[in-house]
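Take a look at the structures listed below.
Next come two complexes, and both contain chain A; in the first it sits with chain B, in the second with chain C.
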Partner chain A sequence: MGARASHAAAVPGAERIRRETGFSQACLLRLHHRFQALDRNNKGYLSRVDLQQIGALAVNPLGDRIIDSFFPDGNHQLDFPGFVRVLAHFRPVDEEDPGVRDPKQPEPLNSRMNKLRFAFQLYDLDRDGKISRNEMLQVLRLMVGVQVTEEQLESIADRTVQEADEDGDGAVSFLEFTKSLEKMNIEQKMSIRILK
Partner chain B sequence: MALKMLLPASPASCLLLLVALAGAEAASDSNESANSTAQDAVSARFAASSREPAERISVFELDYDYVQVPYEVTLWILLASLAKIGFHLYRRLPRLMPESCLLILVGALVGSVIFGTDHKSPPVMDSSIYFLYLLPPIVLESGYFMPTRPFFENLGSILWWAGLGALINAFGIGLSLYLVCQVQAFGLGDLHLLQNLLFGSLISAVDPVAVLAVFEEARVNEQLYMMIFGEALLNDGISVVLYNILIAFTKMHKFEDIEPVDILAGCARFIVVGCGGVFFGIIFGFISAFITRFTQNISAIEPLIVFMFSYLSYLAAETLYLSGILAITACAVTMKKYVEENVSQTSYTTIKYFMKMLSSVSETLIFIFMGVSTIGKNHEWNWAFICFTLVFCQIWRAISVFALFYVSNQFRTFPFSLKDQCIIFYSGVRGAGSFSLAFLLPLSLFPRKKLFVTATLVVIYFTVFIQGITIGPLVRYLDVRKTNKKESINEELHIRLMDHLKAGMEDVCGQWSHYQVRDKFKKFDHKYLRKILIRKNLPKSSIVSLYKKLEMKQAIEMAETGILSSTAFSVLQQAQRTQATKRLSPEDVESMRDILTQNLYQVRQRTLSYNKYNLKPQSSEKQAKEILIRRQNTLRESLRKGRSLPWGTQVGAKNIRYLSFPYSKPQSGRRNAGAAEASDDDSSGLGLPFITFSARPQLGSLRESRLAQEVIPMKSLPQATMTVPFRDGRDPGPGRRTVARPRPLFFTLEEEFESRAESDEEASALRVRWTAERGHSREHGQSHSPLLRRK
Partner chain C sequence: MSPPPNGLKEEGDRSGRRPSSKQAPKAEGPAGRRGAQPGQKEWRRGSPRPRSPRRKPTEFRSRREELRRQERSLAARTGEARRKRDGRASLKKQRANSKKDKEVLGKEETWKQLKKPRSSSLASNTSGGESLSEEELAQILEQVEEKKKLIATMRNKPWPMAKKLTELREAQAFVEKYEGALGKGKGKRLYAYRMLMAKKWVKFKRDFDNFKTQCIPWEMKIKDIESHFGSSVASYFIFLRWMYGVNLVLFGLIFGLVIIPEILMGVPYGSIPRKTVPRAEEEKAMDFSVLWDFEGYIKYSALFYGYYNNQRTIGWLRYRLPMAYFMVGVSVFGYSLMIVIRSMASNTQGSTSEGESDNFTFSFKMFTSWDYLIGNSETADNKYASITTSFKESIVDEQESNKEENIHLTRFLRVLANFLIICCLCGSGYLIYFVVKRSQEFSKMQNVSWYERNEVRRIVMSLLGMFCPPLFETIAALENYHPRIGLKWQLGRIFALFLGNLYTFLLALMDDVHLKLSKEATIKNITHWTLFNYYNSSGWNESVPRPPLHPADVPRGSCWETAVGIEFMRLTVSDMLVTYITILLGDFVRACFVRFMNYCWCWDLEAGFPSYAEFDISGNVLGLIFNQGMIWMGSFYAPGLVGINVLRLLTSMYFQCWAVMSSNVPHERVFKASRSNNFYMGLLLLVLFLSLLPVAYTIMSLPPSFDCGPFSGKNRMYDVLHETIENDFPTFLGKIFAFLANPGLIIPAILLMFLAIYYLNSVSKSLSRANAQLRKKIQALREVEKSHKSVKNRAADRDSEDTSKSSSKTATPLQITHAEPTSHSASQSQALEKKARDTGASSPASGTLLPASQHLPGSQPPEVTPDSGKPQSQTHPWKSASRKSTQRPPH
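Let's look at the complex of A and B:
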């Protein structure tokens, strides 16, 4: 496992990935190491099972959803660019002058909006762009201990949707979601230090 | 505050103490001296028959001297334990001040009682008792509970900081005090340089772990935690080494004429002592790990082996004048990994608890003795010395922290921020170590020993109380929490979701460290060390019987509480959906908020939090079990519905709220958690009864099969629960799953049963673990799917 060549040439498409995600060379290398470490059969891609073997994810209440977020659009294979693309959402935001960004270029993956979008999709399983009350309830159920009764959960879910819902459609759209979290320091909450 | 709780406890113990003292007075009156030793008492008792010719036989006698020493020691320990109980009954108290405060207070109380009744306290502490009996358990405990992975990742920084920090502190304080002593006005002229240096070395022995509990919940980052730990671990050892060397210097006949040769010899000796101790410790660690390989038939002596070998490493090192503390630390760190896998579950628990118990007894005794010394007549107060000591302690610690970290930050990938450095600076709380060293100064060489003891006591009291109590608020202040207390429920939920998400992503990323060294060590470890040191045949039956026990019990409980029927819930749900959303009153919102704060799952902490005085694994384990059960059920439901993973709306899965598992520590879970280290996670300590992980790379072509089979125990287990204990095999009820139904997820199912032919007697131990589980799931497979009766 550790015997594979570990320099930049081994990472396929490194330049393109770097441009897309903004990771540094060293970081990309480490991510490649990790990808290879997770890929137990040297398949060249990761399957869900590989990710499920990360012990800590099994006891994460959102473990399944996190794993699924790596496999968008119903894929079952995760290649390295896809892996990095997801993790790029968690790159700490550069503290450079944000106004300098070229508006024609696509938003960097670790911008606040994209981070929020990533979190939004954890709720919105059917990808209709809205978090219905039911979806909110499901997430709540995942995150709360067994002592809470069903009625309590329902009322909490109701309240959550109610607080955020502005146009009264009983669901939380992405904009409403963003608005309800405008005071939060998303850039810090959804950044992993080692992904600099 | 703590004393308030002591009041209910102390009448009882005070009564006991008073009875004891009364007895002591009575007994001592009848003897010549009040200081009758136990020896006299013993011989007096046994020789009584010949001495007293024509006495009546008395119906009731009192003989206190016979039991005095153990009696009082036991009373002290009990008193401290009662105080600790009281301390923890107040929830907020452990957050406010470290437990050392409490122990010191108890010590002072005992001291005042003894002083007040003019009782001669038993000679608990002298040099040999301290160094031979009281100190090793404390060091062993801190070495054993050290989380090894972060320790070795930061080893360079820790050695740099702990080693050089202790040296800088010791010499800095010593030299500064010497300069102060030169000033004639303070009347300290007779303290020469060596004595000051010695004082500096003993006062620089810090005990920062004691304050960890205070800011535990402030989410200090792992690196900081590790630095504090590492410092605590190595600091004692280095201080004692330095102390001994300086004492040796002091004992030299002509110590006024110390030549540079001697100084060089001193430095060389320092290095030899330190490294030699570590070397001894490692050797003993390996020997004891090797021996535990063979103890499966008499698991009752496993704790004994662990303790005796650790102690032996200490003694062997001390024989050669090497550092016993570093030896025992290295022994604990080395042997922990292998011993944990070898010993049985109960031995493992016994070792942990016994270690905690021993170390807390030792520490209690030292603190009590400190309290006794405080309230006594043998003090010498010198304003200048004491004040300057305090000042210099702080100054030199600040200098060493900021200077050393400035340098080491240049080489670190993740430098320590200024905030971290402030926390490290402020956590320099002195503890029992420095008091003991001061108390044990030989009076012949140090005519002004009382001054040193007084100064040490003042520093300890100051740092423990003032720094200990204020470090909590300081850390919270530095943490710069969001001041917006009233978060809406929305925000709270989303914040928690994001925390979980972030923790999950961090786990996906894994740990990054100095790859090469660690990889090399891991390879070496797997190839050689584990083969030698880990048992060959881990018993399979324990895992099997464990599953059986758990599943039966769970099935029974569920049946009794009527949770099994899943249809009831869906109806209820439909009915409630049609309810119009109503405006909720603030109290409702408050209650919702409370529900959430209490019941939301905690985010997994990467470093297991270390509490010096307590072992508290329960809550995270319970939470982990609940999450695992839930996942199990969703997967089962999804299979029932014919989907591979729960997408879209699930009608059935969400309703089933299983009770958490009966709290039996699954042995297999611990082992499997140990096996998960290839994924670079330190998940030891979690009981994971049925999810097994991480095939080793050496498994070759069978990897795929094992991968698939890992998921099987998870799935096929619930099928057994619904009806009968799985041994019966025939499972006609709704629980019957055709395990062989092809799923995109488990496409290798068919092959894995074919590969059963592999023999169970594999050479490498890690495969055996797989065998055990495979054997287990084989029974599952065979009992459930007639299709797969290949054997």
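Let's look at the complex of A and C:
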């Protein structure tokens, strides 16, 4: 018990982080271990290079985008609270009815909207709040590689814009993004169950 | 919660000393369960509690004591017998106590309730890990108190009795479940243990689900193929797998109930003529060429009908083999019909629910297709391929739906194509007819074997099968259908062509059977005569009974059933070999040639003429279906056929998977298979029906051979049923069966069935119409909603932009709530309001939704949000339960 308590104490600002993200203590501890494992020189923060070392991210076509999303404001250092905050997007949503949530609280990070926003940011390369046709093409190229011809890619991008775009500005805003994914079970799809 | 361990008198004393500690306001709340403190906050909104007559509270109290005793069962289970006894004793005392005492007690008890969790929560805080956090404990405590209050005040609620009862039970169950969490010592440990077990159970279930998924055979292979070749090719392999499953069941049925009993308990080989190779064939019976034709020893084995004896019962189990044989033959068809129809029905059920999501096909694919949990490069490659394939599929779909075409031209071309194809089919039909007729004439003129007679027919059939499908495909190009629909047409046409094949085959077979049947009478005579001569011939010592004639020497009939079985067996094997060789030559060798000769060839082989082969979906599906038809037809006369077929399906699964992945290229226009492969199933059902007919005909109207098979000596095969009913069932059952078989009963029954079918059909039609209308309505509503929202949103965006520029984070929920038309928006708009006002007081909106916060103003710490609880799955049941109780209007 004592050992565990000391471990729990090792996580700086655990209580605050937990309140913000809703992670359990055990989970937070696990994440902290992971954080320390990733942080190779015990800098106390993570850099882009640290994240690029993860093998699974290397095979991911959007790996760079994912890494970018860990560094929201152009920082080059990712501390533990920030790390946990990003991962909190993937905490599974509780089954309970959202109606009982305390209205005083800000929306939890793992809500549908925040999950969607996270996904949106993966595509919004220049962070202008809109996914333009070019951004779409770039991501498409990452996703399907060379097997599809350029004009087909373009037609796909056109079609996507045409589907989702409502105000006719030729780009997909966050609103339109949420609307197009209205039927998608985001709560379940963007959840990693080990982050309970 | 565990019972108060001390005598209640003591507590009463202590309660007097109780300081007005910090818990005091909290303690007052739950004290309301005593129902004796009027004017408390909890009753502010409801009508004041009426003073009930003296009798009632006592009654009530006794009932409550019972409840409490139930609550204590938890502590009782821990085996603290002494404490329990104390508690009981104290209860008795308490019952004797005056009402005033009770009030004081109530306060005391609740105070204790509060105090205990406090300390335990402190303890748990240090334990960390799996155990509960302080907030959670506080929450649970609060919930438990609420429940207890509910139990106490249940009597005064103006609810119907049934509702009261259910509420009471719910509350009791809840209190019992969670009191342990608040207790000390064993109660708490038990609770923790239970929680741990619950977690373990969830984990186990998840693992088990994973395991089940892993147990689906060839799932990985099929997914692999699907990602590279699209869902249409994968649908063939899924169909193949399904077929394999069905055949496994049939195999189990036949082997378990017919072949194994016969081998274990039947008369051994060589004991009777039907189980012995005749003398004339004995020499060559082990030659491979003979065995390959399923003659020789294989013909006289349990794989074929003729081997079975017509003894009514065999072995010490007195197993009724002929009866079992007949019933298995029937149930093979019964099971197949049932499973095909059931899977068709389940497919249609699944297909009705979807179909609405085509609004945002590309957006879905674009934004959600990548699986971010992939960490394996091979899987990632597959995912690449599958994303590409799915994009291509949707491109084809899109092109089809957007195609602008000259309707008249298309119609003309389609009519023309159909005309041409009908001409082809008629021509090939006539050709088949001609060939069959000629071969029949041949057979009358010359005395050649059946196999040789059919050579010509076979050659014609295989030529037709080779050249017609490509011809159809070329003609179908005129029609300009979507490839998915085109595949169906192609399947239907080739199906019609193959039916001709089946028809000629069956016709020739029937001829043969009739020929054999006509010869049977003479052979029967010869057999009798031989036996008679053998036993009565002179020149043998009369005193010693003559040893029976060796079974190999007995002349015997041709046993048409076995001949039919052998024919199906040969057909299956040759079909399998032809398929494999075609794949090997047509796909693999071609692919090798194209791949390696491309270095030294004058034109580009890969892009030009031979190129790589595409996977032939229609041919393969139909091959599978017709093969299954052969199995159904032949399994009655060759029980071993299903075993061969299981092997065939197994090998072809691996072989074709390999061939597809190694030497085929995806279709030029990869198209999405229809979700339900009911078309395949429909064809299969048709073939099943067609193959049921000849078997039923032979069973019902042809006499079985006189000297082989389980039904020999009977007039018809189904006589075995009569026999069993007469001999083995009580007589009244026989009468009932006879009565049921009366046409006067059967015809009304059939009529009734027709009526039922008609009725159900019309009902389902009207329902589906209503369904379609509702869907349209929903669609229209959504359209309206969308346009409405988008207008509103733009306005809201403009508003919010000004306010949110300072902090972008607050803008997020603003935009979100407007974008979300579902039920989320209600709560989110509340959250929004809250945020905007930034006040601690509850707004009227939240007050109506969350009366709990007003009921217990002191007991809900503001920092504890319902979803900040740690073990999510554990918290929700009581949360919802509590919500139910708290949302009730207070009276």
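Operating definition for what follows: the second predicted complex is superposed on the first by the 190 of 196 C-alpha atoms of A that agree within 3 Å, B and C clash if a C-alpha of one lies under 4 Å from a C-alpha of the other, contacts with A are read in each partner's own complex, and residues count from 1 in each chain.
Quick note on the criterion: a contact is a pair of C-beta atoms (placed from the backbone, for glycine too) under 8 Å apart; a residue touches a chain by one contact, two chains touch by 3 or more.
As the structure is a computational prediction, the values presented were derived from the model and not from experiment.
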* Asked: Looking at the overlay, what does A:114 touch: chain B (first), chain C (second), both, or neither?
  -> second
* Touch check for A:92: first (chain B), second (chain C), both, or neither? -> second
* Who does A:174 touch here: chain B (first), chain C (second), both, or neither? -> second
* Asked: If you stack the two complexes on chain A, which partner ends up touching A:22: first (chain B), second (chain C), both, or neither?
  -> second
* Asked: Looking at the overlay, what does A:141 touch: chain B (first), chain C (second), both, or neither?
  -> first
* For chain A, what residues appear in both contact lists, the one with chain B and the one with chain C? -> 1, 55-56, 59-62, 66, 119, 123, 139-140, 143-145, 147-148, 152, 155-156, 159-160, 163-164, 180-181, 183-184, 189, 192-193
* Structure fact -> Within the complex, chain A is touched by chain C residues 126-130, 133, 206, 356-357, 359-364, 366-370, 372-377, 380, 384-385, 387-388, 391-392, 395, 398, 786, 790, 793-794, 797, 812-813, 815-816, 818-824, 826-828, 830-831, 833-835, 840, 842-843, 846, 849-850, 853, 862-873, 875-876, 879-880, 883
* chain A partner contacts - residues on chain B that touch it in the complex -> 414, 482, 484, 488-491, 493-510, 512, 515, 519-520, 522-523, 569, 572-573, 576, 581, 584, 588-589, 592, 595-596, 599-601, 604, 623-624, 626-628, 630-631, 634, 645-650, 654-655, 657-660, 673, 676, 678-681, 683, 686, 688, 691, 693-695, 697, 703-704, 707-708, 710-711, 744-745
* Asked: Inside the complex, what are the residues of chain A that reach chain C?
  -> 1, 4-5, 7-8, 18-19, 22, 24-26, 29, 55-56, 59-62, 66, 92, 94-108, 112-114, 117, 119, 123, 136, 139-140, 143-145, 147-148, 152, 155-157, 159-160, 163-164, 166-167, 172, 174-175, 177-184, 189, 192-193, 196
* Asked: If you look only at chain A, which of its residues touch chain B in the complex?
  -> 1-2, 6, 30-31, 33-34, 37-38, 40-41, 48-49, 51-64, 66, 68, 70, 76, 87, 90, 119, 122-123, 125-126, 134, 137-148, 150-152, 154-156, 158-164, 170, 180-181, 183-186, 189-195
